[in-house]
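Take this structure first; my questions come after.
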Amino acid sequence: GYARLDTGRAARTGDPEVVYGAGKTPAQVVEILTRLHAAHPDRAVLATRLSAASREAVLAQLPDAVLDEVAGAATLGPLPPSRGLVTIVSAGTSDAPVAAEAALTARVYGAGVHRVNDVGVAGLHRVLAARDDLARADCLVVVAGMEGALPSVVGGLTGVPLVAVPTSVGYGASFGGLAALLGMLNSCAPGVTVVNIDNGYGAGVFAARVARNARPHEPGDRE
Amino acid sequence: GYARLDTGRAARTGDPEVVYGAGKTPAQVVEILTRLHAAHPDRAVLATRLSAASREAVLAQLPDAVLDEVAGAATLGPLPPSRGLVTIVSAGTSDAPVAAEAALTARVYGAGVHRVNDVGVAGLHRVLAARDDLARADCLVVVAGMEGALPSVVGGLTGVPLVAVPTSVGYGASFGGLAALLGMLNSCAPGVTVVNIDNGYGAGVFAARVARNARPHEPGDRE
Amino acid sequence: GYARLDTGRAARTGDPEVVYGAGKTPAQVVEILTRLHAAHPDRAVLATRLSAASREAVLAQLPDAVLDEVAGAATLGPLPPSRGLVTIVSAGTSDAPVAAEAALTARVYGAGVHRVNDVGVAGLHRVLAARDDLARADCLVVVAGMEGALPSVVGGLTGVPLVAVPTSVGYGASFGGLAALLGMLNSCAPGVTVVNIDNGYGAGVFAARVARNARPHEPGDRE
Amino acid sequence: GYARLDTGRAARTGDPEVVYGAGKTPAQVVEILTRLHAAHPDRAVLATRLSAASREAVLAQLPDAVLDEVAGAATLGPLPPSRGLVTIVSAGTSDAPVAAEAALTARVYGAGVHRVNDVGVAGLHRVLAARDDLARADCLVVVAGMEGALPSVVGGLTGVPLVAVPTSVGYGASFGGLAALLGMLNSCAPGVTVVNIDNGYGAGVFAARVARNARPHEPGDRE
Amino acid sequence: GYARLDTGRAARTGDPEVVYGAGKTPAQVVEILTRLHAAHPDRAVLATRLSAASREAVLAQLPDAVLDEVAGAATLGPLPPSRGLVTIVSAGTSDAPVAAEAALTARVYGAGVHRVNDVGVAGLHRVLAARDDLARADCLVVVAGMEGALPSVVGGLTGVPLVAVPTSVGYGASFGGLAALLGMLNSCAPGVTVVNIDNGYGAGVFAARVARNARPHEPGDRE
Amino acid sequence: GYARLDTGRAARTGDPEVVYGAGKTPAQVVEILTRLHAAHPDRAVLATRLSAASREAVLAQLPDAVLDEVAGAATLGPLPPSRGLVTIVSAGTSDAPVAAEAALTARVYGAGVHRVNDVGVAGLHRVLAARDDLARADCLVVVAGMEGALPSVVGGLTGVPLVAVPTSVGYGASFGGLAALLGMLNSCAPGVTVVNIDNGYGAGVFAARVARNARPHEPGDRE
Amino acid sequence: GYARLDTGRAARTGDPEVVYGAGKTPAQVVEILTRLHAAHPDRAVLATRLSAASREAVLAQLPDAVLDEVAGAATLGPLPPSRGLVTIVSAGTSDAPVAAEAALTARVYGAGVHRVNDVGVAGLHRVLAARDDLARADCLVVVAGMEGALPSVVGGLTGVPLVAVPTSVGYGASFGGLAALLGMLNSCAPGVTVVNIDNGYGAGVFAARVARNARPHEPGDRE
Amino acid sequence: GYARLDTGRAARTGDPEVVYGAGKTPAQVVEILTRLHAAHPDRAVLATRLSAASREAVLAQLPDAVLDEVAGAATLGPLPPSRGLVTIVSAGTSDAPVAAEAALTARVYGAGVHRVNDVGVAGLHRVLAARDDLARADCLVVVAGMEGALPSVVGGLTGVPLVAVPTSVGYGASFGGLAALLGMLNSCAPGVTVVNIDNGYGAGVFAARVARNARPHEPGDRE
């Protein structure tokens, strides 16, 4: 085969290999997803960044697969039990696909997931109203485009570990998400970490690892 | 002389020419400030970005000049009466020199000035506590380095015209103020305008023009 | 709903939330515009950056909406009375869509609007001939692509508050409007403020706020 | 005072405000450290990025302070008990100051800390020999300059949550740490998160939060 | 003709001129390939970066040409005998086209070629298992996108001359291959050289020159 | 010798080799200037970018050399007769060193030189007043920092060939002259050509070549 | 009309206004070309960067227009007599459209034009063979993409004034012509000036102005 | 110790570990050089990028060390016999330190070395005169700053494997060597590979590996 699957990854790292669908043909997506499922029959495997054609192929050829249209991703196999809580916070409606990719990934990798949408900083009351939701989480994923200010505001309100995801939402001097990325890297709130632009998958993996290893806690008893 | 002063600027634009001290010798600063004062004897003229040596020369040779140590600037001549109110909001203690340059400039150019310092978004209660101060202004100048998120937060709280000033405070991927500049240009709060990195002078000029032309108002009656 | 509308924005800032049409489906545009209109029945609400499909949907489904083809935007509801004057100056014919977006926005947000088109600095007599027009304004919006020199020239002719809008018009080393943006940020004319590339909307909001709060004046009596 | 300390930060986020020494005078460092210590007498407070002059002032005026020469940082007050384990991995000897800042911060913020130094990928046996050390951690901080490849290698060996810190070590096309930063953001190992260039402090805060909230575990029983 | 072919190149440098197909019409590709073949009838000439249309034209009009679909390239004329060994190592399945271009070029220019695919550093066992393959080569070509870490790892395992090829595989802050390019230029493994993003051709030319001039050797007897 | 002087350059191109003083020791500057003078005894040779130490060495050891303090350059040997006219226009007082380097170079390379200083576009009357001076030239060199708008304005007023020189004067988003460089490259005035940032020397060489080859003319009779 | 044509440009600068076709509709191109022709009936006016649709419209509606397919440009009206000689040198076959735009522009603006194609530096004999052609010119336009080395080589062979045009030909780290642009700006050959990427028009205008004002000369008698 | 020396590197790769002196104290340089010498007593070890203080410490404390002042480097131990020939070609006198570092490294790593200095492309006769020298080499290292055109010219004259080294020599838009780096990466001469800016060490390692493995040959018999 053209692909040398890393089937030992789950043994080494706890999380199985995944299909990165960008640039792959529908046939390749279906084949690799099938092979990964065969290697991990007892737990869901994941395919992300699926083109319209790949989604159709998955639906047609893998009747047991489940498609997440917003995330542009599919899973095959039973979801694991969830442990710990990842809360995904997003700034605007256009950030939805990235937030959905993060949410699906965290769930597939064994964490519980909660969503808080459309709470950008230009209407601050929205995120302030969600403070209790934020404090309840074991790990936060904060998704924002344009100037990417939301992680700084959230990171000043709570000490829950926070992963920021810049998105490519914006135009002009946003330079495809660069402005948001730089904003998040320079956050004045301590303890904000960052992943690549639009990388909901990476944030979801990381947050699931933090959440499923966390001690049970009550909102606010840690901070 | 080596310098062709634009002594008609006050007639054309309402605001006299100014000495930009960066890269000028102490003798040049003193000479140009003297010439500008002679051209505008009835109102203060300004010299900014003064080196330590230029400050000393101004103090020694122009006894009527007034030095602002934090702003690194000097004025010569009587301040004009003030009209309207410019409020300068800054995020961190390191942004003080830029905020001071903006404040002095706005005052020299005929506006009243109020300061709100050290209200960065990582401790949101600080800026929320200043909401009434913000609403009272005719124009806001918001100064911040690092990720430059403060203008987005302020711009969501009030409809007062808002000029954002990115500062070069930061390190690494702040790239000398670029992160803050891009953040402000991509602000999700509508109606934020931006000046060059560390350009307190430009923000002060602009804000003074807006404020001194504004109709008198009560806090909140405009929004 | 997928969108958490900020219907309190008009109360907080004086200007209602707006539909940013880029990346939204026609159905989403129509729905959000309808909801915003319901929240603000007595004053026009605005949708910008509409795709061809979204324009058609608006025309078909919202017979009371008014489309501005050049601006690529639509309004729904009665225009507010105008107060103060915003003058929109543009450098080249290709800058027309951005200038039109700024003009429509300023009008929707309550200012009077005047246009001065195609007065780029390579034919200086054109902008010099418009000097009286410039002096009459309460706020200027100056739109230019390529090297973005027009705000420096206008800013040297008048002291009216000036918001510069770089456009993505150009090629090669214009880097999608970056050259114009940097030019405007480094303007040697004092008091020029800048918004994001192609951001006619932001400039219009800001200018309307300045203009509608301005004291009535005669041309030239301020400078 | 010129500084509005955020003394509520520990209550909100679990971790007290800190002195960022860059650009502050020795007198300012001493004063703020003293004030923070007064606000948090029972637990160590931290000052980072201290100049030579600030270090001397701290030694001379705060006899109870403890200086970490490699990290360029000082603490004042008793260290908290440690909970969980942060392991700091660094690629080259020149990365030592950043690794030391991360280590000190994680310890001050309540985690246990272990160091694995000088295991760059050009001599792969070094990091392979440290595999058991890596698996024992609750959170990894991986510090590297130049091309920043170490987090990808470590992230493929283990599923422990991993924060990567790019350093400014390098020359030419490293562009002050940009190459390492981009490398880490694009890591092909899933679940790598990144902080700003040379930001050992931020990585330490984040890792401490993850580690002190982690369930006790045996090496390898999670992955 | 519109093209001044450099038919003396083989005499000057040992390797004939080549058709760079990007931006050329099918007719131009066929014509130039025919002319190059006429100038070098006894050895294969090469056309790279062929569009779908150009490939069809080559197939239809040049029945003796051989098409490499993965590389997007064609040869015309007999392959030279091979001398020395070039080993092409690639990180991910998406890097296949660039690796194939390098392999075909090296073979056309007179070297033997071996391929080692899909051995990215996130699954390190894969490249470690290929160590003997690496040592056998006279020159290595290492192809990787995203963070481009593979050359650093390979370069630490062996002293065989190593040419790194960054690919444009990735998204967001990979900036079209820039992250991989910078990573490779800053490799901490000594003796890594780099070619342009996606430049399999250039790497193949260079490696063939090194390999066909190398003394015969046994694996490992050089290092 | 460590330096292989290109003493044939005057024969090939009409202009002799020059000493680029940056990074050279005083001894090297003196030696190379002496050797160039020996190769071209009948016409002045030039050394630019001289450090303070190199200037002193030139003064002390080459009594026949003439120093231009503003340009930071020296000549040795008799100036050639002048032919044609180069006019050097500069925007601000800080641009003086670059303008002086251009002026000296053009004169040493055989053109007549005229200077028009401190006519930046923020005070447009200044450059409009110089229109006749501009029209008289055979070639214009226009020097400006910050946003670099002056060449667009001058290039719209006259058809004299115009070389623009961006300077590194500015701060923040001027990025060491990049803003001015991009501005000039994107000039909307047709026929503006550009040299490197601060490259007065290159502009002087080019302009001298144009001017000394020009037909005699009356102001305005060409346009 | 939407366009304020600068019909005084020929009087001010010697060269009439031109239609920049990018982003204009076919109807706009035809209309402006017609208006420009009416303003300058006795000499050719020019339209550049014409889309396929605009070319068809010009052919159909303006039967007197002449189309240059390679340059993507059209002229309307009689060509002026030519004076002086512009020689256009290009590096590769892909640079042809830019070279053709420069050639047509120079001819329309009154200079004689000669072409030297496909003489890139990788086959140096080609440009060396053209030395006499180069020396004969009054102004050289040198067009090259990729690394843009050709102007440095040509500029070392002759003292004829040389305008370099970087093209967007290339891939990967050519960044759309940036590599060629930077290469030309940093040319070690003295007296190279540069225009924007792909700006054959600007180079043609400039070169025509130099050439038509040049004294008649014999090849080599100037250098 | 703070440093974990990679003493197995010579066994793995054929070339021992080296001291990278930048950022190391004199004491560290002396200690590591001593330790490396102890690990490899029979062959020279190398320390590069030595500060003035480190050079003095080496001279004073390691009497058997040999200092190369131009390269800023030192060796300790007997040079190995040389095998094969590396020819180092440099463009300008300012490139000497980088060329010297490459030359010393190649010699220490077992190749014979020849130097061809100051043959920049602005005086093409110089490099043409060196053609036989170029053809004799087993590997070429071509060092150039500014626009970095020399590798393209050399690479068109010969098929000897060629490693290009961009230097930071230049100013303005050279951006610290970026222009030369991009130029070399985009070279139109096939088979040019590139190392980091100023990385003479890396080029020397690579070239030595190629040369010492090369079959003996006569000039020109390979191409």
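By written order: A, B, C, D, E, F, G and H. Residues from 1 in each chain.
Here, a residue touches a chain if its C-beta (ideal position, glycine included) is under 8 Å from a C-beta of that chain, and two chains touch if they have at least 3 such contacts.
Since the model is a prediction, treat every value here as computed from it, not as a measurement.
A.B. asks: By residue number, over half of the contact pairs should agree; on that basis which option among F-H, F-G or A-D is the same interface as D-H?
C.D. replies: When the residue numbers line up for over half the pairs, the pair is F-H.
A.B. asks: Return the chain pair with more inter-chain C-beta contacts, choosing between E-H and A-C.
C.D. replies: E-H
A.B. asks: Nearest whole angstrom, what separates the Cα centre of chain B from the Cα centre of chain H?
C.D. replies: Here chain B and chain H have centroids separated by 51 Å.
A.B. asks: So, what's the distance in Å between the C-alpha centres of chain G and chain B?
C.D. replies: 46
A.B. asks: Compute the distance, rounded to whole Å, between the mean C-alpha positions of chain C and chain F.
C.D. replies: 42
A.B. asks: Identify all positions of chain B at which a residue touches two or more other chains, and write them in rising order.
C.D. replies: 9, 122-123, 155-157, 172-174, 178, 181, 185-186, 190, 196
A.B. asks: Where on chain C is chain F touching in the complex?
C.D. replies: Spelled out, the residues of chain C in touch with chain F are 91-92, 120-124, 128, 146-149, 152-153, 155-157, 170, 172-175, 178-180, 182-190.
A.B. asks: Flag every residue of chain F that touches chain G in the complex, lowest number first.
C.D. replies: Residues 9, 11-15, 18, 138-139, 155-163, 181, 185-186, 190-196, 201-203, 205-206, 209-210, 213-215, 217, 222-223 of chain F touch chain G in their complex.
A.B. asks: Provide the residue numbers of chain B that touch chain F in the complex, in ascending order.
C.D. replies: For this pair, the touching residues of chain B are 2-4, 6, 8-9, 22-24, 28, 166, 168, 176-178, 181, 196-199.
A.B. asks: Residue numbers of chain B touching chain D in their complex, please.
C.D. replies: Those residues of chain B that touch chain D are 93-94, 96, 117-119, 122-123, 125-126, 169, 171-174.
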